[in-house]
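Each chain carries a letter (A, B and C) given by its place in the written order, and its residues are counted from 1.
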Amino acid sequence: MFRSRLLVKSGEALMLILLCFFIFGPISGLVLWSVALRWYWPHVLPQEVGLDYWLQALGLRKSLAIGAVSITDSFNTSLIIALIVVAVVMVIATPVGYVLAKYNIPLKGAVLLLFLMPQAFPQQPVFVNLLLTFNKWGLAGTVPGVMLVHLMVSLVFAVWISSAAFKSIPPELEEAARSVGASAMRTFLRVTLPLAAPGLLASAVFVFLTSLDEFTGTFFIGLPFVTTLPMLLYSSSGYNLQFASVIAIVLLVPSILFMVIIERFLKAEYIGGMGV
Amino acid sequence: MAEVTAKARRGRGGGFLPFLLLLPAVGLMLALYAYPFVSSIYRSFLGSKGALSVANYAKVRELYWRDVFFSLEISVLSTALAALVSIALAAYLRLSTGWFARFIGAIYRFPIFIPFVVVAQMMRTFLAPHGLLNIFLAQIGLVNIDAPLELLNWKGLTFGFVWKQAPFMALIVLSGFEMVDDTFIEAARSVGARLPQVIVRILIPMSRASISVALILAFTSTVGTFTLPYMLIGGQVPTTVTVDIAHRVTYFGDYGVANALGTLSYLMVLALAIYYLRYTVRKGIYEYQEG
Amino acid sequence: MKRWMSLFAFLVVATLLLTACPAPTPQIVEKEVVVEKPVVQTVVVEKQVVVEKPAPVHMVYITAGDVNMLALGQNVLAPAFHEMYPEVTVSVVHTGPGDAGSRLIFEKLLADKQAGKDPGDVDVAMVHQKFMAWAMAEDLLLKYADELETWQYMTAADARNALGTNIEGYAMPMFHSQIAIAYNPDFVPDPPRSYAELVEWVKANPGKFGYNGIKGGMSGVGFSIGWIYWKTGKYEKYAITGPFEEAEVATWEEGLKELKDFNQYVTITAGNVGTLDALNRGELWMGPVWVDMFYTFMLEGKMDPKIRLVMLEPGMPGQPMYFVIPKNARNPEWAKKWVEYVTSPEVQGKIIIERYNWYPGIDGKFVQDITPPEAFERLYKDISPEILSKYGLSFPIVQYNDAMLEAYERWAIGG
């Protein structure tokens, strides 16, 4: 008995080590390159390290090194886009989630399919054609154009998760509120909404991160005038590895931060209820 | 249950309201998604003079046929591997308790929200012949650095996709597993079911919906990802359809062939969906009905 | 029912309020990029600029190319120009690497023209050669170059002709960049000096030569086009005299099939930078690179300083990048001053050569005295001006260029 427990524990430890190696191994390359000032073969580690590229990227030091551009502008662009997208998506997706959870409307399948499609089919060809349309409407290369694209891409998560959140609220609670005379509005605001709030928050986080990290749509629609962080990373990866690594790490921070938040609020039922 | 509530609601006369609530979101999706989606298919059949033709497909057949299959193979392989890893991981996290499990449960989510551009950047420095992985393996004596593992090809690409997709799939699959009541597992254990049997006979069949959602999401984003293959294998032969689409658009301004390639990538997803549905229908629903 | 309607009304109002939100934001973000307001003022003001109180001018400079182009505009040129003319601020917009970046600029200008936007959003643009054929065909550009002070320094042929399109007066080259073969003398003491020698070397050292195919950037495209020049010996016809004849395409088949065989012995890298990265990590001993990127890598500590350059006989392509001014520019006079400034011998010697490692856009003899000797020496050490003028070729004219790329896909990849 003791022996087999030991076996299990060492198996778990091995799994943990492997997992750490494969998850953090690739990331360690980024960290090394972001501080490497001189590094070439046959040296297996950087010959010279320093924070120069970090200081340049964060705008703390003005440098004329080639390929050094400040990331603060595109960071702000990314942030503003993501925040507004979250607000709009939540407002238009929450009612959809509510309807899908609480009503048995005709064509429900078709509606679900419509929201599923951007995640169910490759997006790139759609963006290529959306660009032609947006050119006509004057939306190509504008921030609202990019927001619309992010909106479209992230709507599905918001609809799914919020629908699952509403579904997990027992109808009896609402019935009870109604039966003691609360109006539908009041019931929704005082009973349904607070109960669904953690789920809605989780879906907001999902939408926020989707927007922050969106690349392909921004690439086709946003260029040349809208430079989000992933776009800046892409263009500098073509030139300056150190600088690109700095941006990559900056992009990791919100992911980690929100992974912690999401764990608090994302109940299993919300994700388990996706697409059902 | 849902039937009853729905009927009750409709009885109260909410008939018109739900449609109004749906309107903004559905309208947006029709304009921003459905329209360009349909027009990408339509344009793939437009020849250079604007008449209907299959010239674009002929060019795809001539120049990119191998890439179409390569994309399909890579996507199927990556999704299958990611599914295995994620199911194993989710099963472990569902059935284990203790310090290790909690720690693993915390760190496995790490890659979920890392954008593909960043993944590509990482994999490039990690997997290269003289990259960190090979250097590390050489230091511990597993690999001769003069004949390193060659990973900047389909192998590395698959690794990159699995690295990014498996945790995301595990998140979805795990939440499916967690909705399986403990009593089922206890019951199976008490009649002597071993761990693999619990997974295959209890957890997986009862979480079929979550698993299919995870599969579809992962497969689609794998088929449609441009940055990872572009930055990892770029112009190698064969390459993925997404690299070809970008190549047609940026070098030639040729939307026709790009759309034909795009339409083929829709077909790939459709093929998987149909295959999967047939498989689950045969395996699942029929079993229930007949058995 | 009524209560439901009030809930619905609440949601609709909320939706409208929030969907209305995106409208103000573009101003926040685009303020630095596109300026909507001073339209009327500036057009009138141009001629009074020298007079007492100049109105503020906002100029938009849009550039294709790698991120160094953005850094050059943002960190170097725009601040310097602002110092000379304090009333002028220049916003720099970057579209991305390669012809793709130029394509975006072309599509932007074309969309503005088709929408009848006058004045348009762009004052001056930095583009690749291919752009010129597209833009000239659509009549998007202002003829301005021959009015400039610095036009006298433009002696190179590519200031007048870009890939077979006559562009005299419509474009000013800012720099010239060249593709060459980088090699590590530790492993390759006696590098091949022609395509023919390279083929032999590659067979003797499989996997140690690498390039990026044709889907990952121009250094690979250039290497492959050089291959076709070598196999056909028709550089003059393809790149200079023309005309395009469909029949030529079939004659490339054999040469490209040999390239396919050659590819069996080489490593295909991911992108221009992929080749440089592999050289940095010592995985490759040899590979085609852009000369400016190569030296920049070296200055940034990412390239062993021992690595050197060589040009292959019968030659390899290079290309300039051009300044162009759209017809509907808002501030054409300032745009001309901007171009004049950047093409001045001072800027060419101190910035283009010394800091960015490009060959100058203007005739080298006007900058020789201005450039610090060590920078001049570095740039011409491995590739002397004689070799450069002998082996530095142009890319083919547009139709041949497209046909070659597709022929490569057909025969060197084989679908």
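Keep in mind that, in the parts below, a residue touches a chain if its C-beta (ideal position, glycine included) is under 8 Å from a C-beta of that chain, and two chains touch if they have at least 3 such contacts.
Given the structure is predicted, the values throughout are model-derived calculations rather than measurements.
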- Query: Quick one: do these chains touch in a line, a ring, a star, all-to-all (complete), or other?
  - Reply: complete
- Looking at every pair of chains, which has the largest contact count? A-B
- Task: List the centre-to-centre spacing of subunit A and subunit C in whole Å, with centres computed as mean CA coordinates.
- Result: 33
- Message: Report the inter-centroid distance (CA atoms only) between subunit B and subunit C in whole Å.
- Response: 36
- Note on the structure: subunit A to subunit B, mean C-alpha position gap in Å, rounds to 16
- Would you mind listing the residues of subunit B that make contact with two or more other chains? 14, 21, 24, 130-131, 231, 246, 249
- If you look at subunit C, which of its residues touch at least two other chains? 4, 11, 15, 19, 217, 271, 277, 281-283
- Note on the structure: Residues of subunit A that touch at least two other chains are 41, 92, 95, 234, 237, 241
- Message: Under the stated contact criterion, what part of subunit B meets subunit C in this complex?
- Response: 12-14, 17, 20-21, 24, 61-67, 124, 128-131, 152, 230-237, 239, 243-244, 246-247, 249-253
- Quick one: which bits of subunit C touch subunit B in the complex? Just the residue numbers, please. 1, 4-5, 8, 11-12, 15, 19, 98-100, 103, 212-217, 220, 263, 268-271, 274, 277-278, 281-283, 402, 405-406, 409-410, 413, 415
- Query: Quick one: in the complex, what on subunit A touches subunit C?
  - Reply: 36-42, 47-48, 62-69, 73, 76-77, 80-81, 84, 87-88, 91-92, 95, 135, 138, 140-144, 147, 183-185, 188, 223-227, 232, 234-243
- Item | Contact footprint of subunit A on subunit C as seen in their complex | 3-4, 6-7, 10-11, 14-15, 18-19, 21-23, 25-26, 28-30, 32-34, 62, 66-68, 70-72, 74-76, 93-97, 101, 104-105, 107-108, 111, 115, 217, 271-273, 277, 280-283, 293, 296, 299-304, 355-356
- Query: Tell me, which parts of subunit B touch subunit A in their complex?
  - Reply: 2-3, 5-7, 9-10, 14, 18-19, 21-22, 24-26, 28-30, 32-37, 39-40, 43, 92, 96, 98, 100-101, 103-104, 106-123, 125-126, 130-133, 135-136, 139, 163, 171-172, 174-176, 178-179, 207, 209-210, 212-213, 216-217, 220-221, 223-227, 231, 242, 245-246, 249, 255, 258-259, 261-263, 265-266, 269, 273
